[in-house]
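In order of appearance the chains are A, B, C and D, and numbering begins at 1 in each one.
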């Protein structure tokens, strides 16, 4: 029997808190899960620093990847025998679903910004490079790895396949909303996925939703909205993220300025030098980062030491609402006051805006890459969701930005009480 | 106002998936949570290697410690105004609940066995030693840290207080059963805790259960039984544990035999030499262990390298039912065959018995330390649970041991097919 | 001890699927629940005919009344010691919560329309009349029943008390949304009530919500929106409601025209004559209605017989979208065609508009009676919710009406296939 | 296309709180659900008087019947392509599952005992008699109704089919345990049905369970145990049941003694005379019973009036532990004292033993009709469950009987305080 058709002797299941069970029958899927590249996802948390805000959010990307696979598996099993659906694409869909996040590293957001990386590019490299994953995919058929990479890259020609993995209502999002809600424990993030799966229909180049299922989709959109503002953009999480990126900046700065680390940061050097190989990248998981941050708590450089100590022990920055565009003068004055007071504003006075973060709920027309949601009307026509739903229309297209200023309140408190600087800083920060 | 009476300006809550919310009002509790010693628990998983079997089980001891605190808080709030209850012990109970697992290190079970450590002793040291925790407790009142340590050590004179933290139905167990069930996703582990809390009554030196709540307690006992055999003693988890302890043994052995590690294992040396200080101990969290295991995947020693590679990439040992007491001859034969075949049986042929693990469900009379559960009968008398419940009687006192033999099936497969050794090994292992 | 202060020897609990437990400590509450007037609510379903659409929705108003009581009990227990809150109003709040729906009869909506009744007026009568309920309330203190009646009537002077029972986010709604979601099994209707209760604050004449809890309130508003359109206005339920009201009309018509019922409909006579006494009203529960409808399945009158047979056996009318305002000509033509075809359009061609139903989600300014929701801002000021929430603003004030035409498709099918009437009817109905 | 193969144009679903969705694709099933005989099950509560104890338990047998159908549907869909399984039996299984409880009347237990009826016999009559159900089944194929009746009667030759509907772990029980738990709100009754369905295997003449699923089955057995004692045999429910059966006895007695009812109890006469026809039987649902009980609250006969008033308004009897076998003398003395005190002991002093009720959890060997549960061992052999499971062994075969004495405490209280009878009655009842 061809490798691509090989079935496990008995179906295997993973117990999953979100989908109850993840079912695997294909030998190919089983083999992919067993690779070091995939197992590595166990050492990368799905939500980065969010567990410092919601202590339950310690789940890994391994978790999520299995979940996306399972959702696609269920969608496809409903598609069986439907027109437009080509069951030959089945294994391709499953592989792409399983592997779509393979290139994520630790704390992707901050690492990507500071070191100018792109996790999607690493996903491509892992699939196409000299890896266990690549070998397995090529055993399926020559060129299969390229197909998988293309689906994930959204360049694959069959757009129906692409839309399962990335669209406004794809398996990726349906999994992470539910999973992140489950592990954080928040009461948002619930919607009737079973119903959505039942009303999904493959049409030509996309998956559409029977209009009778519109309310379930509205619920899903609302879940996204709430999860973004309640969980993903939570200011405490962002505070940890701010400190994290300052650590990376500082370490890079020190390296570039020939600072002598007590232990040479071997794992980081190619990151500092911005010439990261695939092999370097794969070695850097969260435990390695954590190892260095712990070491750096004992470094001579006061800033690096302090920031690492804050991150590891959750002594985070405080925050106030602050829009530097509107408050340019205050911003400049604060900057100078911090300098005078001996608190380096580059590291200790940071504006973070949540629209920098991947804020991507439903905005038709704005995003090139994500397909909007189309309803399949009783007359067979298609209608874009926000044309039909009051609620979605109300939300869509509204970009909301939230600016906050982060700073170490303890350092400010410790300034000389008599000093004019402290007095003025206090005024500016606390009004 | 005295520090011990200080209340937060607004009650703080942690969102918790198991108890919905964890409520904190006392400044002391808030300060304890913020210490580095307590924050360190975030870097130690509650269930060690279990996440290799149940991928959701990535929750930390930080999680669980907050949960135990919350349960004790709820129990005590029901006790208010009851006879026998002295509300002056409130803060002591809360602190002991919060801190009872403070001394846990990474993968405690294996580390304790291989390096002859005792996490309970480290809990005592952290509470009594030169730590942030200690300072906060002593601010409450001189000698308060000793009281907390004594409650956790079960030597505190007020046994009612002790029984909240450690008995057959204490807050510790009620939390971990529910929490571990939640994160693994299994359907066991549920019982009506709200009802149990409502029927708990403080009496003299213990907490007892009104007999009308017996069925809820039966359910709790059954949950324990199921969780032990379905989750805690799962053979796949034990396989990972077996490999882990072999890694530690091998590394220690190499160190003792002057093996030259590529990077000196600084964090491990005092463990190898069995003179671990509190400071060494606190530094060794799971990310450090993971860091070394990754490095060791590239060591020259073939055994250390192979075992680390297995552990990191989840290439675990297979297992068969095997009782070495009853199968002494097979055991010895296999041992020699492995030696002949060049597979070191010390590292690759391991019997693990689950009764070695902390198997502690309800066995009255057997355990000195854990108080049995007493029912408060309508006539005011007490009755030991197993005297009153058919189900509990059926389970109690029955020690069940499960022996398994773990080995790397891939190494066996790779032996020369023609060899007599392989043939005989296959016979003995697979019948 | 005064009756109003009497506590049960042991707290009683009701096991409740929605709130887990309903707790009763006051003797007064216990006694009210035991009255025949309150027990009667067991024989009146909370959602009338909805169980013909969602088979789980068989729960009674007894259920809901206990739930509202429990929510108010929890809210008040949080208010203890807060400024603005007068704990002397506690028992009054609990009684009003428990009794607020006491005047509901079977299938209230249809009965009230056909027989020109008002369940709120009957609630007043039961509380003020010669009933067990009244006697218990007057034992609390002379005039107490009037206070309870006034709270329910929203005329009580302390508007804070009134707002607990009736406002845009009162205990009534919070209970029914969750309860109806639970019993129908839909995935809407969930919101974080525990959080809402924690952020409720009594202020002068209303309960407001701390602004930090806004998102939980948004979720609640969305739940309402979804429940209205997915459950309460479900067209199948409305079809049953349409038939029910036609039965009542027909029976009244027959009675007024001296039709000789096989069994004199004693329980209905005062309804037909529109002079219903309290005693008549209390006797008419759903089982009585069901009894008559079953008898009437064997009446000589073909219309009454047919409609009852439809209702009892769930042979409902079909429906199409139909707006009689916009489709006046079609409407008149259909009416005449039905007459010609011998199908009485008064009973078999019915337009139902859902805005006739109590559609009352958040529309500030429109409703006199329901207080809008106010957020308590960090600076101590109040802000009306829709000013602060994009989502709520999007929904509020939008009146949505849904018109449907109901008719018996089986009767149409049975018309002579060759007839021009049938052909034209089919065209008009099915396009 | 043959009627038996007809599929609905679109799959229909019922929203079900327990199984999320009930799926119907077969026209036959759809038609059966629409019959008056099946719709009648909406008017019969699944748990009779249990809602007087657990107010949520208002769900009907209609609910449960759909649930059993859905479980069998899921089991069978897993069987597809398995050896031993004959997919021609599919529709037969589904029909039998749907219809197995068709013959239940209101409050079956009491009605059957007092009027010597047997609901199973009525199930047979409905399926075989002149009913809508019968006609539909015969359309499938001549003789099909007999097959369905035989499966339900357990006499059908293919015992594999029978075992799906009635065995120790059949769809019937799996549904009612979960459903009754859901609607009562108790925390028992949960087990991992999804897993049980996955490990069910058809073998020759029965469904067996792969031994790897044993723990899920243990959990199911424990759920049954808990549900029986916590819900089904709850003493408050039994108190209502006692009153109900006394009402029926009294009404029958009065009828036999030519008592003149204010309204002739037409629906009951054939029950009193013990010659109930199918047509009479089908007319008697709970609303009819409730109608008469309400009327009888105004009868002249004091006993009938009082008992009905108690039942309708939930003024139940109190109970004490009392074993008439062991307490023969007290029993006789109480009986005489009640007579002397003018309280008819036939109606007001009732012993009820729960082993009278269908207490049927796992007792291998004792029951002829219910197949025990067999585990399919890894070697292909079968093993009876209690031989393999400590817990099940502990429970199985233990008949537990619980005797209680029910009486109206209010009547006893109202006896003359000075009288010797009252004094002695109080002594005997309250010790």
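One rule holds for everything that comes next: a contact is a pair of C-beta atoms (placed from the backbone, for glycine too) under 8 Å apart; a residue touches a chain by one contact, two chains touch by 3 or more.
From a predicted model like this one, the values you see are computed outputs, not experimental measurements.
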item	value
Partner chains shared by chain A and chain B (touch criterion as defined above)	C, D
Which of B-D and B-C has more C-beta contact pairs	B-D
Chain of greatest Cα-centre distance to chain B	C
Chain centre separation in whole Å, for chain D relative to chain B (CA means)	44
For chain B paired with chain C, centre-to-centre distance based on mean C-alpha positions, whole Å	52
Multi-chain contact residues (two or more partners), chain C	20, 186, 195
Of chain C, residues touching chain B in the complex	13, 20-21, 194-195, 198
Chain B-facing residues of chain D, complex	186-188, 190-192, 195, 215-216, 218-219, 222, 225-226, 229-230, 390-391, 393-395, 398, 400
Interface residues, chain C side, partner chain D - complex	14-18, 20, 34-36, 39, 42-43, 51, 54-56, 58-60, 62-63, 66, 182-186, 283, 285-291, 294, 312-315
